[in-house]
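We call the chains A, B and C, going by the order they appear; numbering starts again at 1 in every chain.
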């Protein structure tokens, strides 16, 4: 028997509002959609997407991927030199990792080129910046995404063999993720600065600071990161643009570990002084933890869950759990924000860095409700910050109960972006981001909010569909 | 003369909203042409053809293009800007307290899984995808949109079939489900008769008549205009028939359509015969005798199908009575014919309902009166220049030929009114035959302009020595949002002969034209 | 109000659209009438059932907003229960699995369970358990009489006698009981049919589910632990989970389970074919 006849009709009206008004006037129940053509108005792709809705292969795959993501338990287990942890950077390899999707040297933005040049110098592969540049341009150093090696890096995201990297291990599945050290603000490598003082700092970070921190990490009482991050979320951090609380919580643990060690007090003082002076110290650990959680969800065939969002200062790239190592790239969207005095949008680099791995995991812009300060950069209010977090719920598979947001009635942060939902609803993942100067070495010139470009999700879904073989008929092109 | 334009990125507005804005922008003094459209490939071509310039194709974006005096263009663009920024829901999306807009069917279901029905009226390019999503989310769906590729329609209906869901459409204008009028539909009392119709106005005529006879409708399901083609095979009609067959509230079933492809007709009639309930079937244009078999009653015209269904619902014998013109009306018709000028000999049927136009042609053809039409029945000829009537002409003004970039006559009858005025001015016109369709979706005041047009055109013709006869039919019930009684009264006061069904109106017209033909050597 | 579901029972299909109504609502569980089946929305701390929808933390507070008679709608992985919207898209699934053949010293473990369960069960439950399993060895008429005396007997929303039968059926349908178990189940179902009307709805459904080999997770895992010969602490935990159910329900079921285990695996008499 047709079940519909026994139920109260509740209509979802897609199209002309008059039809909805009439149903309501006639006493019926109706919801009128604020509809716009999905998938960037590509009718053929819209049909492909429609055939993926409710596809049980995708639903099952997403369930598995999401389960693995929720079960992940990132632990800060070590600090080692990159060459010791990442095979691609082992002794004898001339390779440098960068943020974002793959990109050729000639296409890279200023900060990224500046940072690479600085790193070549740091490694001692060249003796001058000019020589280093020539080396990079000549292809004598392999340049690959951090993500291709299980790592992430903020801004230019440069990891070279002699740099220390955090080692975060997912206790649930054993996978590991790596991230470099945060150098602080101002003239730093990740903004493309490569002056002698930058290199000098890198050398200190790679020697005295490194050995001190390594002792601390290995002596940490509690290495679990999720509870620390959850606590920080309740203290005003969102763990992408605001990391002060988490950095403070970590500082407590590091101090105790170092006090218990046999290290010289001057060494300890310098190390702790460096950490204390950098409110973004935890960012790099947050990113590695997020990378470890995302990687746990990656590699489930048929899953439309987004496991990577990253930018290289030119393009924005994403990956889906179900499409393996493929990148789906598009030019990065502009950043809506405020500039520090003296700077304008003309000075800005395009969106840059692997730090969108935080949003990929429900933090950063997705946890904006926890840390509303950023909305001031776009003329908004704390209520807008909460609304932004809430809106992300419409494009995620669920919310992460480990990361609760008081402003959402202690509901979990929206987590597990389903690419199908992005292109169907038109709601783009929102990212809290700093803005770098487009010239190497100047540093941060503003902050604000941006979104991931629709085209990435369009391409990703098209690819997933092709692999699923889900489409029942030949697509018709838009008239 | 200047041409000016502006793009609005990522701004989508539906066709009705765009037309409203267009109409206001073009009304700015000093503006020659104005166009407010989505910057799709087709629309960009149209803009170029209209002399508004060449533009980039950006299907996600909206474009306003105007031509006129320089000052007027500035004003027009500003006006467009104001109108486009208006948010009908009230309050911007970024105001803090505002609820998040629901932009997809999935979102609607996630907010309330009680949504069990989707009504889709987006442009044809996107309609199939929306319908497929609705089905996959477990909803029955009505697709008002037309121009959906046949392969997509088949894919939708196959999926629906496998999941015991119904696709009403594409090109389905009318339905009444669980008593709720959907699309262009009338307010009809609930009762024991279920209707499955492949035509919107056909369904409206049958349901309205059933209500007027004191009975009622359990469900009126649409199948869309293409369901009974060979390539689709009547999937939706068969589903609707089965659903009504199993519905305890339905005692009699009516099927309404033009003649299906032969094997589809066989399948439908076979299923109708197998039904435990009596079925009345009208395949407009087919001989009822070819339909009538055990348990299936063939009807010849729409009102007759309703009559037969009501009789069956009462447990009576559904006699198929031939339609006749009663003596009084015969006399009146002769009288009117005699009063006409010698040159008046033709009928001009100006319809807003496609099926009414179709039925009217059939009834004239049965009286040996051939006609031209933009949507001719078999035997009639195609009217090549739709703007100019030729001899007997019966046109459907709801057809694409008349509605490109303009509202449907049921929504805005002003084009229909203007055409009627032209027909009356033509010395060879004897009869103007028209329909007024009421119900949800139709204009609030469908004869606002018509009564005046009839009055003034009539007077003008009279001054030239011609008496033109107006015959009309008002398709509606006493419960419709419009006031049917006063509309009928106003038409009668204006001298219109108001019939009680579309078929009767056509029969009166055919009778009069036959008389004229007989009177003219 | 929107919530997420943690897990769904194997018999709950939220992709097939349907409607139903709330049968009864409690602080930690809400029973739903769904087209002839009974589903239950469970607070996070309750064990899964094949017909259960287990909520995320804090869910049990939300259940207080639900009333008997509220409409239930299921569609596309979502469920609406009165004013609550449950997002079940990523909920994991739980299904009972086959029990292995029982390890040796089954009797020892059964005795241990009975020792803990008996004081917490209804006083008449032990007697009913042996009455029914004895009757399974005799004629259909004897069985009918025993069942008649058991269904609806004793206190509780689910009467103690019903809980005993649930325990018995969990064993008979566990797969390891083989064809004899299948036959005994069929006879028991026949005997139950005429008297099911005399017990409350919720209990009737639980009996029906148990007869179809779909008991709740707590009882299922206890049985498995017993059969696998699991170490004592695991067995004790499993037993505690069952005993937590209701005031006497869990204990009553344990007695039924023990009696049925003896009947199926420890008797030397063979059942008539």
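The definition used in the following text is that contacts are C-beta pairs under 8 Å (C-beta built on N, C-alpha and C of every residue); 3 or more make two chains touch, one makes a residue touch a chain.
Only a predicted model underlies this, so the values are computations on that prediction, with no experimental measurement involved.
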So, comparing each chain's Cα centre against the centre of all protein Cα atoms, which one is closest? A
Highest contact-pair count belongs to which two chains? A-B
Nearest whole angstrom, what separates the Cα centre of chain A from the Cα centre of chain B? 53
Can you work out the whole-Å distance between the CA centroids of chain A and chain C? 46
Measuring centre to centre with CA averages, how many angstrom lie between chain B and chain C? 58
Can you pull out the residues of chain C that are in contact with at least two other chains? 15, 17, 19, 76, 87
Residues of chain B touching 2+ other chains? 106, 109-112, 114-116, 136-139
List, in ascending order, every residue of chain A touching at least 2 other chains. 7, 54
Considering only the defined contacts, which chain A positions touch chain B in the complex? 1-2, 4-5, 7-20, 22-23, 25-28, 30-31, 33-38, 40-43, 46-47, 49-51, 53-55, 380-381, 383-384, 387, 390-391, 394, 421, 424-427, 472-474, 476, 478-479
Using the touch definition up top, name the residues of chain A that touch chain C in the complex. 3, 6-7, 54, 56, 59, 62-63, 66-67, 397-399, 401, 410, 412, 416
Complex contacts: residues of chain B adjacent to chain A: 10, 12, 14-17, 40-42, 59-60, 88-89, 94, 96-98, 100-112, 114-126, 128-130, 132-134, 136-140, 144-145, 147, 149, 151-152, 154-155, 158-159, 164, 166, 177-178, 180-183, 187, 218-219, 243, 246-247, 249, 440-441, 481
Enumerate the contact residues on chain B facing chain C in the complex. 106, 109-116, 136-139
Which chain C residues qualify as touching chain A in the complex? 4, 15, 17-19, 56-58, 76-77, 87, 89-92
